[in-house]
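Letters are used for the chains, namely A, B, C and D, taken in the order the chains are written, and counting of residues starts over at 1 for each.
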Amino acid sequence: SLNHSSRAMAKSKFEYVRQFETDDTCLRNCYIVVRLDGRNFHKFSEKHNFAKPNDNRALGLMTRSAQSVMEELEDVVIAYGQSDEFSFVFKRTSTWFKRRASKLMTHVASQFSSSYVFYWKEYFAEQPLLYPPGFDGRVVLYPSNRNLRDYLSWRQADCHVNNLYNTSFWTLIQKGGLTTIQAEERLKGTLAADKNEILFSDFDINYNNEPTLLRKGTTLIWEKRDEAVTKMVKLPNEEAQKEVTVTRSRKRVCPHHCDIIGDQFWEEHPDILERDDC
Amino acid sequence: SLNHSSRAMAKSKFEYVRQFETDDTCLRNCYIVVRLDGRNFHKFSEKHNFAKPNDNRALGLMTRSAQSVMEELEDVVIAYGQSDEFSFVFKRTSTWFKRRASKLMTHVASQFSSSYVFYWKEYFAEQPLLYPPGFDGRVVLYPSNRNLRDYLSWRQADCHVNNLYNTSFWTLIQKGGLTTIQAEERLKGTLAADKNEILFSDFDINYNNEPTLLRKGTTLIWEKRDEAVTKMVKLPNEEAQKEVTVTRSRKRVCPHHCDIIGDQFWEEHPDILERDDC
Amino acid sequence: SLNHSSRAMAKSKFEYVRQFETDDTCLRNCYIVVRLDGRNFHKFSEKHNFAKPNDNRALGLMTRSAQSVMEELEDVVIAYGQSDEFSFVFKRTSTWFKRRASKLMTHVASQFSSSYVFYWKEYFAEQPLLYPPGFDGRVVLYPSNRNLRDYLSWRQADCHVNNLYNTSFWTLIQKGGLTTIQAEERLKGTLAADKNEILFSDFDINYNNEPTLLRKGTTLIWEKRDEAVTKMVKLPNEEAQKEVTVTRSRKRVCPHHCDIIGDQFWEEHPDILERDDC
Amino acid sequence: SLNHSSRAMAKSKFEYVRQFETDDTCLRNCYIVVRLDGRNFHKFSEKHNFAKPNDNRALGLMTRSAQSVMEELEDVVIAYGQSDEFSFVFKRTSTWFKRRASKLMTHVASQFSSSYVFYWKEYFAEQPLLYPPGFDGRVVLYPSNRNLRDYLSWRQADCHVNNLYNTSFWTLIQKGGLTTIQAEERLKGTLAADKNEILFSDFDINYNNEPTLLRKGTTLIWEKRDEAVTKMVKLPNEEAQKEVTVTRSRKRVCPHHCDIIGDQFWEEHPDILERDDC
């Protein structure tokens, strides 16, 4: 709040209404996941001419907004996004906002949404944003590393299933000349193998060669990266300053588009998860 | 979500993680209040050169963003804002989002935040927005009309107390030439009457003549307003269309800057509250 | 707890586990209803030879146990019971146990259960209690008088529906000589009027003349009753004490077996409910 | 409930009140601890002449009641009690009562309380129970084995601290002839070592030789025990039945009075805890 004086002021007789607030502290020693979903994004994507089945500008903007959330909230150890959703994972031991669920989820929703509008131009250039978009969120707790990894696996499996469907659907329309109803009909009851086969046989598309961004979604984690920084240094015995390049190690939010269901990713980044036996 | 196929898809073995979601349905027959507060708005207001003690552009943008929330969510029957906070009241019988607290508050926080950035230019013109702002929120339930009115009275009393303080504080500095420390010292322990007296005696300011926007904050309600609409009408027996002006009654979100602690406002707008005995 | 020293003692390193407790304070200004239900009472009633369709000893013991709960907890303003269930209503403004739901419901469940065993003999005399019975409970909040009355009406309507069914069912068996399967078959699809007709035509029973205890259940409220108390008084100018009878007004828990759905009961006992507009 | 007909019955217009019930499902994959505490047990223990500092009859009755709870609820994997409190731990994967907190805690409180009265005579013989006692309860969730063990360690450490204090306190009174005020004064500010020293030097009592029941409290777990059962068997080629003794393995609730803070107990009973990494 901007009000710097409230504590010192006389309390009004209305003050009792504060007692109606309830405590929604998240259980300790659990991962706190906040997942955001776009509201009415079918309409939003049509109004803003999103490319089908995937719009790289829109995916880039989602990721940029998620990065903005993570940079504001260092306790988010990993975030995963696909389509119009993004999940943020607070570390088990986080005491951010005293673990109050309402504060955590509203702040994530707010920061993400304001960033989405703020960075729109960087991704959509001249195409104007027609109205402010909405996202809704929820909080879910996971007590063990296995539960958390299964949550992230669930979202990535969902990404795969949806992207394979959408790729097949729009290929049938855009390259196969089918109507949306015909495409839907054609895919009804098909399994993953069937869709792969349609893409390969009819359109010469090997689904596994599609970009990992689309097949795997986007995983954001903190990584230490060496960065070259230019500094002006004043050397002894010289009057003028001199430009020197220094290497600095800095923590940054970095995107990955790899599999996070298997063990490899987690073995390569052992610092994301805390131990179960604490 | 953008995914139109999820229901039909085979469920993965990870699906069990959905069971960790908890139900946060708000108790029926209670008013649901979502209050938003600006995050780090001291810094934000300084970086963006907000006028002291009040910046009309910033207050206007807050109100515009709140209007955007109400237009998205018709079940909000009244909203009240002051400084960097805004409260939204959902009607008792609302079933919006199945009364799920997390959905309600994240959607309000999201819509408000994206609107704040979206409408920034309308209020700040050439002054650029430097970074995306954040708001956090909470949900509070009020079972009776009395409780709800006391909640709103609490916020309006807070507005008064803070604005009187801030007006005195900045007048001492801007017109009286005091430093911030001297001004703080001067006001320490003063009551409302003392501050009124300082403003009047030393600076010839009658606080009661200050704008109601600042003293009373902003109350938003739905009102039926007659609007003149221009329509092209094709008259019988004529070939050309003719322009006619038609009066239409339309519900609109309208701002008020009046007292909402006393009974008058509520008697003039009897439709805002539902009856207690239902 | 019996431990009178805990506050003063050194805290162990395990103390942190207390932080895992969550706050479950009930929303203010709402009636708090705790309802208990017998666990496996079909089996319990058979093992203890409860009379069918109603056992007056069992109903008396339920009421006695409920009285014991109310005498322990003065903030219970009304209780309603039927069959193997009992509901206890805490007044809106109760601050008993700081309105913590877990404390309220476990204490009610505990007191009721220990009383049930304690008073067993008063109702079942020589028939022994074979094993300790169990009751489970829940907490529900009601914001308005209308909601609370509708809750109690719901339970009394349930009492009526079940008692009419059970009376018909057991009359068909006990007086009509039907098997349980035949009786069930006979009643399938019948409405209240049909069951009344069966009882009247075939068995000459006017259901409306059945005891109100069975048709209406038991309502417990606090009532001021004048009681004659014998006191020993030492009169002035006399050496010996003398026995005198004094009338005292005392609050007591009193049972009623009347309709609580209509307005009459509530008009006759205006002090049970608090006003809605507070 | 005893009502076997409710589902089939016409729903009354009051039925809507069921929607006011809230879901209180416990988070999955967490241990659910229900702790009971005696209500006003200072008074209860005085009225029933409990021996000081410990009454073996009372402790025995607490344990008997806890056993009754565990036998009713197989998902309780361990229970720990001391003084007038008992904690029950439901296994992580329990789906008992659909993990609804209210049902779990009220059932435990109810079963414990009715058992306490039911088994009173077995422990207090001719001394009558004067009134039905009350216990209140709470639910706490623990996500990891470490958290759960720390919870139990916390309770056992509390047992130690209190029992050492109480033993010293009552020894000073009963053997040292001090008043309660003097005894309190004597112990003020003393550490564990000081109390051990007082007992040893002044009263020749080695605290470590006190019964483990008092120093360590009571831990209840399920154990497979071989039991000799007498059966009547009809042998082939013989007409008469013959009595034979058969050994059967049966799960039973068994009490321990050992340390549960260290690792030994848990290594000896590896089946109590489930793995963290599930």
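One rule holds in what follows: a residue touches a chain if its C-beta (ideal position, glycine included) is under 8 Å from a C-beta of that chain, and two chains touch if they have at least 3 such contacts.
Everything numeric in this text was worked out from a predicted model, so none of it was measured.
Engineer: Relative to subunit B, which chain's C-alpha centre is the most remote?
Structural biologist: So the farthest one, by centre of C-alpha atoms, is D.
Engineer: Return the chain pair with more inter-chain C-beta contacts, choosing between B-C and B-D.
Structural biologist: Here the pair linked by more C-beta pairs in contact is B-C.
Engineer: Roughly how far is subunit B from subunit D, going centre to centre by Cα mean, in whole Å?
Structural biologist: Going by mean C-alpha positions, subunit B sits 53 Å from subunit D.
Engineer: What is the distance, in whole Å, between the centres of subunit A and subunit B, each centre taken as the mean of its C-alpha atoms?
Structural biologist: Distance between chain centres, rounded to whole Å: 29 Å.
Engineer: Can you work out the whole-Å distance between the CA centroids of subunit B and subunit C?
Structural biologist: 47
Engineer: What parts of subunit A, by residue number, touch at least two of the other chains?
Structural biologist: 20, 22, 27-29, 141-142, 147
Engineer: Once you've mapped the touching chain pairs, tell me: line, ring, star, complete or other?
Structural biologist: Shape = complete; every chain linked to every other.
Engineer: Residue numbers of subunit D touching subunit A in their complex, please.
Structural biologist: Where subunit D meets subunit A, its residues are 27-30, 141-147, 276-278.
Engineer: Please output the residues of subunit B touching subunit A within their complex, sorted ascending.
Structural biologist: Interface residues on the subunit B side: 1-6, 9-10, 12, 14-18, 20-22, 36-39, 41-42, 45, 68, 72, 83-85, 97, 101-103, 105-107, 109-119, 129, 131-142, 147, 150-151, 153-154, 157-158, 161-162, 165-166.
Engineer: Mind pulling up the subunit C residues that touch subunit A in the complex?
Structural biologist: Residue list for subunit C touching subunit A: 19-20, 22-23, 25, 27-29.
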